[in-house]
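Note that subunit A is present in both complexes that follow, paired respectively with subunit B and with subunit C.
Moving on to the complex of A and B:
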């Protein structure tokens, strides 16, 4: 992507020997500067004005400095045994670049927020100088030939420990990030994390991590679910972030459902939100709300299934005539269906046809769920931490997502999944080889709709009310964007995409006006530089890079590994 | 080879009519691409289909396999009328390969063949999600069968290669393995040796004999005359959508009309004029 031109060899030859001490000096300056005051104004970016009492941003820079020291020592020094496996030089370059970006942003932010460059204290300037030195030194360090990190064999317990540490870091990192009320600090934390991830990628740690995770998939899945399960406990009883988290999970559940349609079967569905809405309306109409329009009050588990079946039937009705035609037509028809659904819900108010939805007013006052004596509206105490309403729904939604992931994964790795890949590859050939193309497309459509319906029924209770304007086209577009951004056909990617698209607007309210602009820009950039998404499905990556023979040879092993 | 017989399965009795195409006509608007062609293929037989470029050979194949719905005529397999739906045709026991290879490029060799097993397996969505005993049994069977078939066509060592990374000759073999995976009684091969060198061509004809040995009938479209006359029990020559000659390789080979159709007579006989130019590039293949 963006590459900084290499320094001429003559310069490297002349000054190469200075790289190492210069880098160490830079790292030392980063640490020392972070212990000093950065800003005169204590109100800016958390409190960075007290020496020897580092604030959040300063701790991040200390961490960057320490990682730089480790990388330098691995490049040439006591930790040199690491160097044979890791690309320390490339890692150092990435780290130095991101540290410099970070410190530049710090200076800019303090200047803007506190009103003038004069507010920047020496500590920040020392750090900035350190970042510059580190950057200069990193350009002089030459990359060495290294063995692939995945060849490094560690004892099993170390690998499991590493997974646990990463998961714990993820848990506390998320909790910390959600706890940041200041948008600037949140942005800085994102930049910090991005820097670390890119450093790790460049140093080769990510490919190594990839090889661990395929070997230890069970441990990883278990750890991931433990972490997500423990997340509400880090909130100390506050429900503010949990309400965001519950919204994120509803969104993620819907995105995973759509991922079956878009990512696996390769069908473009622009009206998917209607299936979520259909489920929500069923959930609301069959609830015990005083405004519910249907007299039947079955237990919730039945409601969820009815909602799923209702959405699935809608999917069947929409799909059967349209799935016989090509992708573009399907996109238009589903787009139309999404609007028809919204307008129908808008108009079923008793004036035109039966009163099922109360029209634009929707169905409000949907009571909380109650399983036996467990009321979802009450606060329950778990391990001494009070868990309020949204935490309860969070757990329920977690269960739903686990179910959706199970359906997704198992369908993908079965005869049906193979059929879907074949259809994506060459529909005519698939048909000629006996694959039931139409049937498989319908299946994807109906399963996707069914899962969305289930999610919708729960969403109705989380949101308390269901109105037509919650299910507009923009929501469908966002679901699709989450899939494209995260990586079509992947589980982790789409979850990450959903979290990014739902969480960022909540935390970065100051750019709410530019939200669509920025997402549009983000998607355009993704399409240009990484069309397969943040986390690429190997097969999708190949489909996007038909000409790239080298890539095809490289990922061949990965695909075969999954198959056998 | 021990897998030969079992690998391909069904073993129809030799000599009994297997495929019967009667009066197949395919019109595209005013153009008659296939005009009243009759073809019978008996069990265990290799039939060649030759003809100059544009003679309608591939169109005829498409009519047989349900990719096109013939304007008129009947196609019967083992006496049962075939509907013009590719999937039903495969299910009935007729599989094909394509002139321009149409593999699933981003799937491994093994997966490609496993897709071929789709129509002979039946695990649905529910079984796949629950992973019941039926699912597991079918998955294991599918995998083993695919592996056997890859060994049968000589690709036993490249099961894990992506189709797009395989050499051209192997892609052709893989396409045949994928067709065999559908448990056909009859395989239609559309130019299986196009672009191959003499060694690869010989290997291809060995493979086709091997398929015949396992009890299947084969129909081959080819331009390589030495290959066709060496391989086939019977040869059908199509010219401009019509059957010109049908007979044993010797009969067809010595028929002056066939030679005319390919290289023209050199005189200004109006029948052969146009074909003489279109068929010129095939002339070098003629022995």
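Moving on to the complex of A and C:
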């Protein structure tokens, strides 16, 4: 992390009084500038060329300006009571920095896209000046002592309302981002969101939110599921976006399953995609596709269970010899297993063994699912919004993910979960304490494989065809990257990681060629600088930073809080 | 009988290649207890180093005297890569949980493959190609060298490729030099000491960090030689060649007993012969070329079940 050096105290002492009016002026300039035209060329970054009719980027800047005003008023002024609890000065600094970055990027983008600096209209320059003023003022504002956030108590309905508002913002934010076709606009939206999140973190709002959500877990879960269920309705029947969403959910389901193996039990499984593939092949072979190779056609529920059991059995076969030896072997053996699986599926084409999979051609034309009279291929209308094929699968996958999360959560908070932590931390010590090391490791491995098998059976129907080249090693590496990026052993983190890794390449086509290069680099850098992931559980963080005494104390505090 | 000898020769050739790479896994594992997953990529970069040397300095030249320069080029590329990755990726993670360096290794592996694929024929992010190098997105033909490539020898019905003789010879040479280095030089004995007990070795005045760098470098030298041998044998190289070769070589290292240098050589040869024999002698539909990789991995799993310490015994295998 690059930190901007603090300015000398003498300067703060001399000019500190000017900070507040300067910041307000900056915020005002941001809002005023956003109402004016930014660019001569209307083709650039959405239409930013009409005064008094702000486009997407301009609305983002207005939002930044308004948040700056709120933070300034909280620092000194009518909202000062807020300042007792929130680090408004730190928040303001983060906000100002990101606004400045945003505006600099806007100027650069207009110059590049429209071909020349002359295309930048006064509105953009006014905003830029506002951002500079805000930045300067934020460096002069001094952070104040804050009280512990747990002392800030709001009425219950306010807390619930806040959760709902945030969830709604997430829903519309995602829908808006998916709707952006222009890569530049998408990047700007990401920068905007990142700026907001960092501002909230610095101001302490995020940890406050964390304490609300742990208190109101039920509300949060309910709100989260309502929002995800409502998501297809925001897409107005666009199946292209829903297809991406369905792919993201399959990926997220697999990542959550792998998270049990890697995140909870600490076993590095590099062939996890093979379990997904095994489930997909079972799903395809037992489907009513004309190319299916097995005559038995049970109902889909049975197929899903068979797929899960088949993958689970494979997991047992691979796991039982290798889980007895040092964990490093497991990584390589699972990698070897992934290759065996792919090669076997590739070879079983009738020439080199029985014809089960049609070799490299795979099993195509897998029909859509049908539950009673409900066909997943049909378009259904809900609240006046047409929901086509991928939306139907989206709901099914959502159920699957809910199930996987339930399994994950229940296992993690049980005696089994604590056994896994013990194994992860020190296998020998765990064994000495009477933890059934081998049994628990096998359990993690088999449960992970079972869940992947279930997800695979559904994936076969979503993708319509199953081929061996969908299950290469790189896919396993992506799943792992999602877990590492999001935060091993967390639910929210891994879901976010999966969404980021699957959504970004879809939206940022221009970096498609460099995608893998960046992934590799990302893995290395994450392990070096933030091995616990973007969203880390405290306990996990401590495992990666054993020497951090302060963190250890905080974790102890957390545990004490839970116990009492 | 002829087919048996033929498969034995094929197996030994393949096995020599595995053995050369496997030494790199085993040396690093013996000292750091780290599986350097990216070692297969070091091998790949060695092959590309040799190719680059040949294309930049001796384009069109096929005389035998080019070969030493190509090997030197390969060694420079491989050792450079290995030392850099030790310094910047692995060293900061020396005391991290075991999962961390493994994930880093996968990251390095993907990064190096992609780096070669995208940037071999251009300076990164430009299209400037000063030496007119070929595009690495497809397989690149490897330069043919007199004496070591060309028409094969026929000895009593058994065909022996010239490149095969080079590979087996390279393994013999490298093993002899490695034996001398490990047992007779001061640094080599330092390596032994560190692999037995790093803390005590440090107390005895051995610079452990330096020894670790040396271990990476030694592995890289052998991988570079293997890269040249692979190029001569297959006539072409590609950015993906390190993945499967690395995996097989690791299997060989485990087979021989990881951490044990002689074991790596034996394991490599055994794996190569088993693969060749499986191609020939497993009857029915599950024999033949398409299944040989499968049998190699099945062998790995069987070894882990029945003899996790490997054929010659590993330094330390935790059994839970």
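The rule is simple: the second predicted complex is superposed on the first by the 558 of 564 C-alpha atoms of A that agree within 3 Å, B and C clash if a C-alpha of one lies under 4 Å from a C-alpha of the other, contacts with A are read in each partner's own complex, and residues count from 1 in each chain.
Everything below uses one rule, namely that a residue touches a chain if its C-beta (ideal position, glycine included) is under 8 Å from a C-beta of that chain, and two chains touch if they have at least 3 such contacts.
All of these numbers come straight from a predicted model, not from anything done at the bench.
A.B. asks: For the overlay on subunit A, clash or fit between subunit B and subunit C?
C.D. replies: fit
A.B. asks: Applying the touch criterion given at the start, work out whether A:431 contacts subunit B, subunit C, both or neither, answering first, second, both or neither.
C.D. replies: So A:431 meets both subunit B and subunit C here.
A.B. asks: Per the contact definition in the header, classify A:406: touching subunit B only (first), subunit C only (second), both, or neither.
C.D. replies: first
A.B. asks: After lining up the shared chain so the two structures overlap, which partner does A:414 touch, if you call subunit B first and subunit C second: first, second, both or neither?
C.D. replies: A:414 sits against subunit B, while subunit C stays out of touch.
A.B. asks: Using C-alpha centres only, what angle sits at subunit A with arms pointing to subunit B and subunit C? Round to the nearest 10 degrees.
C.D. replies: After superposition on chain A, the angle is 70 degrees.
A.B. asks: For A:443 in the superposed arrangement: first (subunit B), second (subunit C), both or neither?
C.D. replies: In the superposition, A:443 touches subunit B alone.
A.B. asks: Just checking: does A:181 make contact with subunit B only, subunit C only, both, or neither of them? Give me first, second, both or neither.
C.D. replies: A:181 sits against neither subunit B nor subunit C.
A.B. asks: Going by the contact rule stated at the top, is it subunit B or subunit C that touches a larger number of residues on subunit A?
C.D. replies: For subunit A, the partner with the higher number of touched residues is C.
A.B. asks: Identify the partner contact of A:469: answer first if only subunit B is touched, second if only subunit C is, both if each is, neither if none is.
C.D. replies: Neither partner.
A.B. asks: Which partner chains sit in contact with A:480 here, subunit B, subunit C, both or neither? Use first/second/both/neither.
C.D. replies: A:480 sits against subunit C, while subunit B stays out of touch.
A.B. asks: After the superposition on A, what does A:378 contact: first (subunit B), second (subunit C), both or neither?
C.D. replies: In the superposition, A:378 touches no partner, neither subunit B nor subunit C.
A.B. asks: In the overlaid three-chain picture, find the nearest pair of C-alpha atoms across subunit B and subunit C and give that distance in Å.
C.D. replies: Taking the overlay as described at the top, subunit B lies 10 Å from subunit C at its nearest C-alpha.
A.B. asks: Considering each complex separately, which residues of subunit A are in contact with subunit B in the first and with subunit C in the second?
C.D. replies: The answer is residues 431, 437, 543 of subunit A.
A.B. asks: Provide the residue numbers of subunit B that touch subunit A in the complex, in ascending order.
C.D. replies: Contacts found on subunit B: 65, 67, 86-87, 90-91, 95-96, 98, 102-108, 110-111, 114-121, 123-125, 128-129, 131, 135, 138-139, 142, 160-162, 164-165, 178-179, 182.
A.B. asks: Taking the touch rule as given, give the residues of subunit A at its contact with subunit C in the complex, in rising order.
C.D. replies: Answer in residue numbers: 262, 266, 268, 270, 318, 321-329, 331-333, 335-337, 339-340, 343-344, 346-347, 351-354, 424, 427, 431, 437-438, 441, 473-474, 477, 480, 484, 488, 513-514, 516-517, 519-524, 526-528, 531, 543-544.
A.B. asks: What residues on subunit C touch subunit A, complex-wise?
C.D. replies: My answer: residues 33, 35, 37, 89, 92-93, 96-104, 106-115, 118, 243-244, 247, 250-251, 254, 285-286, 288, 290-291, 293-294, 297-298, 300-301, 304-305, 308, 317-320.
A.B. asks: Which of the residues in subunit A end up touching subunit B in this complex?
C.D. replies: 406-407, 410-411, 414-416, 418-419, 421-422, 425-426, 428-437, 443, 447, 539, 542-543, 549, 552-553, 556-557, 559-560, 563-564
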